[in-house]
Amino acid sequence: MILSVDHVSFSYTRDRQVLDDVSLTVQRGRNLGIVGESGSGKTTLLRLLLGLNRPTNGTIRFGEQALDTRDRGFMRAYRRSVQAVFQDPYSSLDPRQNVFGIIAEPLQSLDIAVPHREAVEAALVSVGLPPDAMNRYPHEFSGGQRQRIAIARAIVARPELVLADEAVSALDLSTRIRIVELLKTLGLKMTLVLVSHDLGVVASLCQDIVILERGRIVESGKTRQILDNPQHPYTRKLIDSAPRMPA
Amino acid sequence: MSLLSVEGLTISTDGRALVSDLSFAVGAGERMGLIGESGSGKSLTAMAITGLLPRNIVASGSITLDGQQIIGASERSLGQLRGSATAVIFQEPLTALDPLMRLGRQIEEPLRRRYRREGLDPKAIKNEVLELMERVALPQPERIAAAYPYEVSGGQRQRVAIAMALACRPKLLIADEPTTALDVTTQAEILKLLDSLVRDLGMALLFISHDLPVVANVVDRLTVLRNGKAVEQGAVRDVLGAPKNPYTRTLVEAARAFDQALGRTP
Amino acid sequence: MSAVAAIPARKSRRSWLFAIGLILVGINVAVALLTLVWLPYDPSSTAGGRLEAPSLLHWAGTDRLGRDLFTQIMIGSRIALMVGAGAVAIGAAIGVTLGVLSAFATRLLDDAFAAAFDILIAFPTLLLAMLVVAASDTASLWSAIVALGIAISAIVARLTRILAKRVIGMDYITAARTSGTSWPRIVVKHVLPNIWPTLLVNFALQFGLAVIAEASLSYLGLGAPPPNASWGRLLQEAQGTVYTAPFGAIAPGLALLVLVIGINLSADGLRDIGDPTRRGSR
């Protein structure tokens, strides 16, 4: 068990409860899909998992230890193990940094003692980009390629867990399937938590699934089970709404 | 004569061709889907049809809408066609609506134009605004008519945009990625709405999107665009069932792969 | 992502104007540097005839005391550039620092900062200059530089605050945080480089405004006293004889015009310098 979320609640202001009593666990080797639409609290949940905000109630545990965002040493170790990929490939890469600087940043900031150049090269190769890409700038790449760069940045420190926030939602269909394939192969070496509203993508990548509606978990369990036999009406609505090809 | 006839359309800028030799037709009451990924030129095509290309982008070839040639037409004649012959729904309702104008008034604008055009009594406008809002299944029409765009949800904004398009009573409705920015459940609702409206009002539909499964369920015929060229055209059944072009095949396979993961395909 | 938005704007006309701007500014800089080693005439020498029209001997004529005007104008360009550069340097240093700090401040403090900047901006620059002069007891080159520097810092701070806030909201900043980068390092590595191009253009424009402001201050007698020959002071001296000897006003006025036009023309082109998205192709 890598991460566990125990009865976590979160609200920005007194009256608006964004997350309400959310509990889930991330098991090593089993990718988890957090499915929700806008207003479900999925982005907030992700931010809590990334240590960018503190829950107003409840605890997040990493292994046995509780996540303490104020403990610099702890957060450093945590970030070495938990990395992120964001939704918008056009705003998640600093336009003024070259690809090497972008991918090497976790190595530099987390003081990881590996030769940076080799690590960046290896990361680029794992995501299917040529090593010479490191000298170029984000604007020279397409959306799909940028997302690969973002993924390379997430894996360069060899984390145990990668949290992906709608990592393929902004991509075209043909690019989307390729990135999903990439994430599948990477998922063999690390565990993936994918936040998404796209059931098709989640079903392709995650063994376990959690359905979030308006800040609460309405259903959770093994993906196959939930898709074949949804219990909650919202889950059923999500499944029915997913666009499918005409037979 | 088709309602919309595009022949040999080429759109270029600075000597570069963004769309090359595109041809397709949409008859009255017909539904055509334009499938393309980013950079395919699909949005430019929609702009060309309504005569809204920016100054440095030039279209050549032929586009006839409701019997009139669009390419090279004067702003005056285009103005008369816009609304009556065709209306457009865009992708991002937040930017397609005026943030400083109440929603009811925004629907009024195209309505007012049509009333003037048809010589109708303007006193009936307020009522028709509410009727239109009910048509697009907006709850509490009076409240929403008095609201500003930021005060309602994305799905509701898109419904307002559809109401505005309908207010024109267009013969051809052009929908450019109308559901891409919406949640999946909202998307399903809006697609169903578009489907029923187009059917009930007998409008023609040009549905532009990169999302194959979304388009495939709303239209009868498909044109697949890649890098500005049409690589495949035909009835939805044929294009999806037996795609001839390798690019189309990749798209179809990708879509079916996701379907399979969901546990759909037999 | 609209394909329409991806078409690049035409750059050829802009580089033209940028080049002209640079040349004009360059001429001024060259002249200013030259004055450090050579002057056509001794600036305080009143050997020439009074109020002589421009001639081969005196390119811009002479002033009412018989001093060579061209020499005065050359020195004036040095004053203008020094005050402009000094004021912008002070304004930039203070303004960027305060702007970045306020971008990170909590709601209440940020509102206080924003209000302070706005009040300072609304404050008339000349009044500010007079206060600084009064505080330092005499008008001098430094009082002008400091006064203008303070005025500029408020504008720069407000701009920096907005720009920094926008950048901080971007995903790549969140990504930097999850990469473990500390906030100070994020400011240096990500925030400053991304706001720098816009700031640079603003600095250039402030430079032009500072030059004009300095001329106004000197015109009013609040700027650098003689022998520092500011263009503004030359204009003030030429006032009395503007109908009989117009060149006394035209010459410094023209010099001012040329420098400020040059600065404004080159300002816009500055944004492209060091911007990686302008080079390379997609």
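As written, the chain order gives the labels A, B and C, with residue 1 at the start of each chain.
Criterion: a contact is a pair of C-beta atoms (placed from the backbone, for glycine too) under 8 Å apart; a residue touches a chain by one contact, two chains touch by 3 or more.
Predicted model only: the values in this text are computed from it and were never measured.
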item: Target chain B, source chain A, minimum contact steps; value: 1
item: Centroid-based (C-alpha) most distant chain relative to chain C; value: B
item: Centre-to-centre distance between chain B and chain A (centres being mean Cα positions), rounded to whole Å; value: 33
item: Chain centre separation in whole Å, for chain C relative to chain A (CA means); value: 47
item: Euclidean distance of C-alpha centroids - chain B vs chain C, Å; value: 50
item: Multi-chain contact residues (two or more partners), chain A; value: 143
item: Multi-chain contact sites of chain B, meaning residues that touch two or more partners; value: 38
item: Set of chain C residues in contact with two or more other chains; value: 1
item: Touch list for chain A against partner chain C, complex; value: 50-52, 75-76, 79-80, 82-84, 86-88, 90-98, 105-106, 108-110, 136-137, 139-140, 142-143, 150, 153
item: Parts of chain B lying in touch with chain A, wherever the complex brings them together; value: 37-38, 154, 183-188, 191, 210-214, 216-217, 236-237, 240, 247, 250-259, 261-264, 266
item: Complex interface listing, chain A residues touching chain B; value: 37-38, 143, 172-177, 197-201, 203-204, 224, 227-228, 237-247
item: Chain C residues touching chain A - in the complex, by the definition given at the top; value: 1, 170-172, 174-182, 185, 189-190, 193-194, 275-277, 280-282
